[in-house]
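Input: a single structure, listed below in structure tokens.
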Amino acid sequence: MIEIYLILIGIAVILSMYRFFRGPTTADRIVAVDIMTTLTTGLMVLFALYYRRAIFLDVALVYAVLAFVGVIAFARYMEGGL
Amino acid sequence: MSIASIVGQALVLFGTFFYVLSSLGLIRMPDVYNRMQTATKSATLGSLGVIIGVGIWAIGEVNSYSWISKTLIIAVFLLLTNPIAAHALIRAAYKSGVPLWEGSIIDKYKEAEASLERVEQIKEALGESAKEVEKNE
Amino acid sequence: MNELAIIIFAPLLAGALAWLIEVKGIRELIGVTGAALPLGFSLLLYQKTTEGINLALNIGVFNLTFALNHLNWFFIGIGTLVGFASILALVSTAKDSYEWLFALMSLTGVLGVFLANDMMTFFIFWEIMTFASFMMVLRYNRSASLKYFLLSVFGAYAMLIALGIIYAKLGTFDFGTIQQAMYQEAYASAFGAETLLSKNESALIYLLFLIAFGVKAGMFPLHVWAPDAYGETNQSYTAMFSGVLSKAGVYGFILLYVLMGTRLALEFGAFRSTTKFGYIIAFLGGLTIIVGGLLAALQEDIRKLFAYSSISQLGYILVGIGVGTALSIQAAMFHALSHALFKGLFFLIVATIVYRTGKTTFADMGGLAEKMPFTFAMAFIAILSLAGIPPLVGFASKWVLFEAVISQNLPILGGMVFFGSAIGFVYLIRFVYAVWFGQRPTDLDETKDAPLPMAIAMVILALFNVILGIAPGLVAKELNKIFGKEVIGGDLFILDLGFGKYNALAVTIYLVVGIIIAGIIYFLGAKVRKVPVTDTYQSANPVTMEYNLTIRRNFFLPLKETLAFWLRISFDRLYRTIGTWVEDLAEVMRTYIYNGNTQSYAWYLAILLLILALWGV
Amino acid sequence: MNQYASLLIALPLFGAFLIPVLKKVGKNLVMPFLVLVTLIQTGIAAWVFNEVYTSGKPIIIMAGGFRPPVGINLYIGHFAALFVLIVAVASFLMAVFSIKAVKVEPQDKYAMLFLLLMLGATGMIATGDIFNLFVFMEITAISAYALTAYNKTGEASEAALKYVVLGGIGSSFFLVGVALIYGSLGTLNMAHIAQLASMINPTVAKAGLALLIFGLAVEAELFPLNAWAPDAYQEAPHPITAVFSAFVVKASLYAIGRILYILSASEGWNSVLSLLIIMGTITVVIGELSALRQTNVKRMIAYSSIAQVGLIAVGIALGTQKGLDASIFQMFNHAIVKLLMFLAVGYAALELGGPEMENFKGLGKRMPITAFGITLGAIAIIGIPLFNVFWSKMQLIMAALEAEKIGVVALILGASLVEMVYYVRLIHTIWFQGDGDKIRENSALALGMLLLIAFIILIGIYPQPFWDIMQKAGSDIFNVAEYIKNVPLMGVSP
Amino acid sequence: MVKRVLAIVFILIIGLWMAKALDQVPFGEDRMLVGKYYLDHVKEETGAVNAVTAVVVNYRGFDTLGEVTVLFIASTGVAALLWKKRKERSAKTEGSVVLTTGARILLPFIMLFGAYIFIHGHLTPGGGFPGGATIATAFLFLYLTFTLYEVDHKIFEPLEGLAGIGYVTVGLIGLAVGGYFLFDWIWQTWGVGKENIGRLISAGFIPIIYTLIGIKVGTELTGIIDNMIKEPEEGGQ
Amino acid sequence: MGEASKVSRYLYTVLILFIIWMFLTSSFDPQELVMGVIFSLIVGALTYEVFTEKGLANLNPRRIAYFVAYIPYFVWAMIMANLDVAYRVLHPKRPINPGIVECKTTLTNNTGKLVLANSITLTPGTITLDIKGDRYFIHWIDVKDESVEGASESITKPFEKFLKVIFE
Amino acid sequence: MNPYYFASIALILIGFYAILAKRNVLKMLVGLSIMETGVNLLLISVGYVSGKSAPILTEGITPNNAVDPIPQALVLTAIVIGVATTAMALSVVINLYEKYKTLNVEEIRRLRG
């Protein structure tokens, strides 16, 4: 069953990738990245269940933290705030 | 199949729907502001669904309650950070000069910025002391 | 510690001490002692030459082995004698400790070369000699020293490869073992048996040795370093440089005969009455005589003149060696000795002139016989000796050489040797008149005669020129010892070659009588008006500076013009052109490869990876 | 007791980590501290050297107490013991020089990077594990990047950029090589790999070996991977340039040798050897020719160093014990001579306002000891008898002859010929051109130079004991069976 | 254009070559030799359940020490290269109240999370490096948000050094106690925590080393961020 | 309302951190708890000054009660918002009418402002673009009222009544 | 060729391509990072064993169904080294830009020959 969700979310990630490559502005790309990271976090959590390993949840959390700060960094850079 | 599994799976399904929706929004909306509008909201809700869903599902599947506590942490973290990130991004987009969609009807922020600029100019005219004050704030 | 160690290392040690102490007076004392000790000990060792004497020093990875025998005693005799004279003269002309160090170091080098009993030792001391003499030249002229060093090292490395091949094939550096092995090789190859060295390899070794020793001996066309190097250093030192160091090359050729003469002769056969490999040496020697002689005649600088003269004289020796009969080799060795004696003397004379006048070109000199009578007397002996006028040693050796060559029925070589003698007269005339006679430039009016150390040094060499000239049998005896048979017969005063005879004593007596008569006539009779040299007219026109065919300036301009075409073919220039070309190429390559662009550099990595991929490693 | 040799790793680390604390106590303590640490390191290295050479057995340091291949081991055999000592001594000398030469801030960072550079080279030489080799290589490389750019001029940054980019590509491909070898054998320990070498799939072995050597060759300055080197040598602070030439490049060369020989049982080994010979040869030719018309003395000597590296690589790639011995001898001698030369040139450049040849006119009169140092170094490196390099070049030639490679002999000699040309020009410029006021030479540096000179001459006239050491060191690398035997491998079965 | 085409051709050939070699290393097959040993012995020999951690800290401790060193070099090197006499934070605009308040609230959480990661390194896929990196992320967030925020260098630099000293010292104690550098004396000599494999207090010195590494990495990365984000003051070369 | 005492703020921070720790470890193993206390104390000491202003006062039961009540309200709003999104995204004509409007808030507390901004972002058709003092600039996907008062009424007001109690 | 190896090699090559073809120094450094990523993926792929899980011996994982831990440990190290290299390179570039006012690699060539 889980496979279906994994595939669906995978599709969502790929769809977001369209926006990443398409742009047209840098802002669009970063928004796409932001959404992709959120989706990926969910994907990781789902993978943890798929492999029955709770330890992967920690990985998902680290990923969420890093991705968030990463997006903030991009945002601050883009607005010329640094 | 236990109740937890069913509930959990339902939540995951619910979340997955919004995940897909968020990616669609990203594609279909006409400008970065509207993309953010749609994508952020559904991605966040989707995360809540998927992640908490997994936590509940695991109660039935792996028979462990430690999953739900961790997934809750992740979910709350995303709930807190996603709108912050969205806010930071939209502000950045605006400040970096990405224009609003041509169908947009109003831009109050622009007006406010203009008046703020006028205030700045007055401050400038008042001289160094004003700057000092600002710095100390 | 035995005597050989003292002979070899005393100069080096003295040089180092002199260099460190740097107190005028003491420095000179140490230096001269350092040169005197080898001389003394080599004289002491004379009676030990028959039973031989060995020295093995375990310095370094290789054992340094030395041995004394008749052959090398002859050469260290030349080396220590002329070396001592040269070092003595250095007392007057050396500028600083630097020169003491390297002059003495080069003496160590050359004595080590003569005494070495294996190839490695030979090479090491060869390098020490080269290096030290290079440092002496570097002091005076960078480009001359560089040319010298490059060619020398080129030669040294050729030798290194040769002895590397020998070692790889025969597994030894020891002269005795090599000689034996080569001898066996020679007969093995003659009988078609398997040999350790192939024909090509022995040819290669020969070629490499030819280059190695040819450079040092100043053999055409490897001679180009010599005029500059001999000219551009302390002239007292040049006495040793030209007199002794060049003999290392000669010694090397003799060694080549000793080690593998049989092998080469049998492998490559004969040309007319001589071996092919020997004929090559002889022919190059002949060319060396001509080129050196002609160019000597064209020089305007007194130092250069003798430098080219040295080259020319070395040519004689090479001819002798190349002809390859026992007699001709003896003749070559004899001439090596006499060349060392008279050329050493010449350079000391030049050193004295330069030291006293500060001038080096003929144009600035003249009439010095009056101001430097002693030096002039020395020059007189040297000139006679070089020109091959009996009863001086130069005549004896040259005579034997002529006889040796002519007797072998080699007309081309004979012609070359004869031409060399003729041109020798030509350039000597220049030296005689331009320096010693004629009008003296006014700034030379205060010129003093030779200082004491130089005078002593000159006297030593002059004496030997005379003694060995009157008693050439002394030398012949030693040469016969080397060959173990009587090649040159006769007694103390008479050289008997079988088909010719030279009685030095008789000639001396005739000559002395003749001179006495001539002196009487001169002092009693003739009144000669002294005419300033510049007071000459040509077709009633005053002589211009450009076409001033006085003896002191452009005297041989017509000759030069005649030879213009040939003079343009300069090996010196050729080598220079090649050098410049290599450097230009290197610069282009360097700026192209190291072009500064990081990305290009990354491409180099990609290219290497591509090669790896295509190579399929 | 022997495990205390791990202090060779621990001490520089401890020292480097202590510097930030020390800086709080007093900023001017940092440089003396650097000298102190390198001095102690020298002491330890000397002890280790003595231990290894008197017992004749290598010291195997087992980190964490695990036997190899389970744990990483350091293998301080005859080679490592010798070169670790060289690293320490060179570091000590250059640390002293740094007090005089390094005035750019922040000195505490310089001192840390310096110690870690020393650590990296020490580790590269000592380690017995290919991935650990990578780690130490990166320690060396990254500190080298930083130190190259340390002067913070545009040119220094440019040099460092080149170094970083090329080094980065090199280390990436090195890791691909590690992945191939590991994927094929399931182990990273060098002795273990050597043991299993005949079992590797030949395709993997060849590509893996080639990639490992490719990665190392960037650091080892082999053409065409060495384009960064002249720039880095030119722009790095003077003591660092000396250190680069003295041991950084040597560590990489050693690593090439070690990896080459532990995989000697694999198929396709010979094609890697011949490739290495070609690379080495071109390195020599281009290095020497590039030095010819240099007007920047540091850069000139840098090219000369590169050429020497080529010679060493050729010796390693001869594939014979004699070749290795000779190469190691050459490494050893070259390290000493270049230490002297860069020390002297660096010092002169400091006093004269830059390493341009123009400034060196009259150096002989102005700074006689320094000038003497440069001269003697030049003479030695050309290969004049009575100086150390002569013997190693000689041995290299002998080795080439024994391997029947006359071309290599010609290469060595030809290189010496070219060296002669540019070094003679330098010597002449120093002694016989120009003039100037005498400069009082720093007595510590003068002493250092004289010590090195004495050492060069000592080896020059009495090379036998050194040659004995080199032969032991060479056999340490060449004799792989012995190496495998010396490492106490535990049986690991799949 | 030519350059690009050539580059593509080159890398394709190189890629083909690597692929050919990799083809001989079949994917997904069990080729473990030493790896298998680790899996079999990790619990008894190190007390860690995370075999990667045991490899990282115990079996291949030298690598990790080196790795710590590499990061230390980077931090030192960056500081050396970007060193200026006077440097100041000069962010142009401050983040909005959302960002600043978000940073305040998230800071303790992220730091705690970092600590969680490094202290559980022997139990979960974590360790000193990710833990330290997470902590550094917290500081990065502050740098990104506030105009004038700056860490206290007086504390950070010595802390970085002390953590490193701590690591080396732990290793040296191993040398003194157990005879080997980096010997796990807590586990092998003292036997602490033998009974609670899989629980927090186990795995010998791994948690200690990971704590030290966590602190070290956190301070180092923060230092790098600090150096890169700051700009020299006008004229303050 | 001014700042609470340091002790209060510190204890509050430690408490929150410890709770998070327990969630993270999801274990009652005493070893974990002890370590949790230690780390909470350390991290709390480093961060309490920025983390909270009111300290333990946040734990006022009334605030907690409002907070608990706020959650379902907010979740409901979020779901509605997403259905709204679904409608706009999936509708073939993309029915949107966007613009940037201004709202005023009566909240003075920063945390309150943050939560308000986040709530706005996650609820129907709005996203917080910037905040200047008490002025919220909001991107509205379907602008219904351009005036400050009108916009405030429909966007900020509904949340403010909760947040006022929880954070002020 | 299996997709993991393929992806690793592709990443390495893409990174290398960037270094060879991009003029902007920063892009070249990005290329370097991509290469490093590819290498790391390769290492991990080499250690993967089909059907086995992460080598953390909890939750029912035993030595028999865990993948090789070594490559994972190696990659941890390699990642950190990559980060360190990148950090160094960036600060070099910062200095470089300050002095040369350009990031075009073809203009950064004062040192040559």
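We call the chains A, B, C, D, E, F and G, going by the order they appear; numbering starts again at 1 in every chain.
The rule is simple: a contact is a pair of C-beta atoms (placed from the backbone, for glycine too) under 8 Å apart; a residue touches a chain by one contact, two chains touch by 3 or more.
For each chain, UniProt lists the protein as follows: A = Cation:proton antiporter; B = Monovalent cation/H(+) antiporter subunit G; C = NADH-quinone oxidoreductase subunit M; D = Proton-conducting membrane transporter; E = Na(+)/H(+) antiporter subunit B; F = Na+/H+ antiporter subunit E; G = NADH-quinone oxidoreductase subunit K.
Remember, predicted model here, so these are calculated numbers, not experimental data.
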Between chain D and chain F (Na+/H+ antiporter subunit E), the fewest steps along chains that touch one another
2
Contacts shared by chain A (Cation:proton antiporter) with chain F (Na+/H+ antiporter subunit E) include exactly B, E
Name the chain whose C-alpha centroid is most distant from the C-alpha centroid of chain F (Na+/H+ antiporter subunit E).
C
Looking only at C-beta pair counts, which chain-chain interface has the most contacts?
D-E
Quick one: which chain's Cα centre is the longest way from chain E's?
C
Approximately how many whole Å separate the CA-defined centres of chain D and chain G?
27
Centroid from C-alpha atoms only, then distance chain A (Cation:proton antiporter) to chain B, rounded to Å. What do you get?
13
From the C-alpha centre of chain B to that of chain G, how far is it in Å?
31
Averaged-CA centre spacing for the pair chain E and chain A (Cation:proton antiporter), given as whole angstrom:
23
Two or more other chains are touched by the chain E residues 7, 10-11, 14, 17-18, 22-23, 25, 30-32, 34-36, 38, 60, 63, 66-67, 70, 73-74, 77, 81, 95-96, 98-99, 102, 105, 109, 113, 116, 120, 123-125
Going through chain B residue by residue, note those that touch at least 2 other chains and give them in order.
24, 36, 40, 44, 66-67, 70, 73, 77, 80-82, 84, 86-88, 91, 94
Where in chain C do residues touch two or more other chains at once?
587, 590, 594, 598, 602, 606-607, 609, 612, 616
Chain D - residues contacting chain C, complex:
161-162, 165-166, 169-170, 173, 206-207, 209-211, 214, 218, 224-225, 227-228, 230, 268, 271-272, 275, 279, 286, 289-290, 292-293, 379, 384-386, 390-391, 394-395, 397-398, 401-402, 404, 406, 409-410, 413-414, 416-417, 420-421, 424-425, 427-428, 431-432, 461-464, 467
Show me the residue ranges of chain G that touch chain A (Cation:proton antiporter) in the complex, using the header's touch definition.
53-54, 56, 58-61
What residues of chain F (Na+/H+ antiporter subunit E) sit close enough to touch chain E in their complex?
13, 16-17, 20-21, 24-25, 29, 31-32, 35, 39-40, 42-44, 46-48, 50-51, 110-111, 113-114, 117-118, 128, 130-131
Per the contact definition, I'd like the list of chain D residues that touch chain G in the complex.
131, 135, 138, 142, 145-146, 149, 152-162, 164-165, 167-169, 171-172, 175-176, 178-179, 182-183, 186, 188, 230-231, 234-235, 290
Residues of chain A (Cation:proton antiporter) defined as touching chain E within the complex:
55-56, 58-59, 61-62, 65-66, 69, 72-73, 76, 79-82
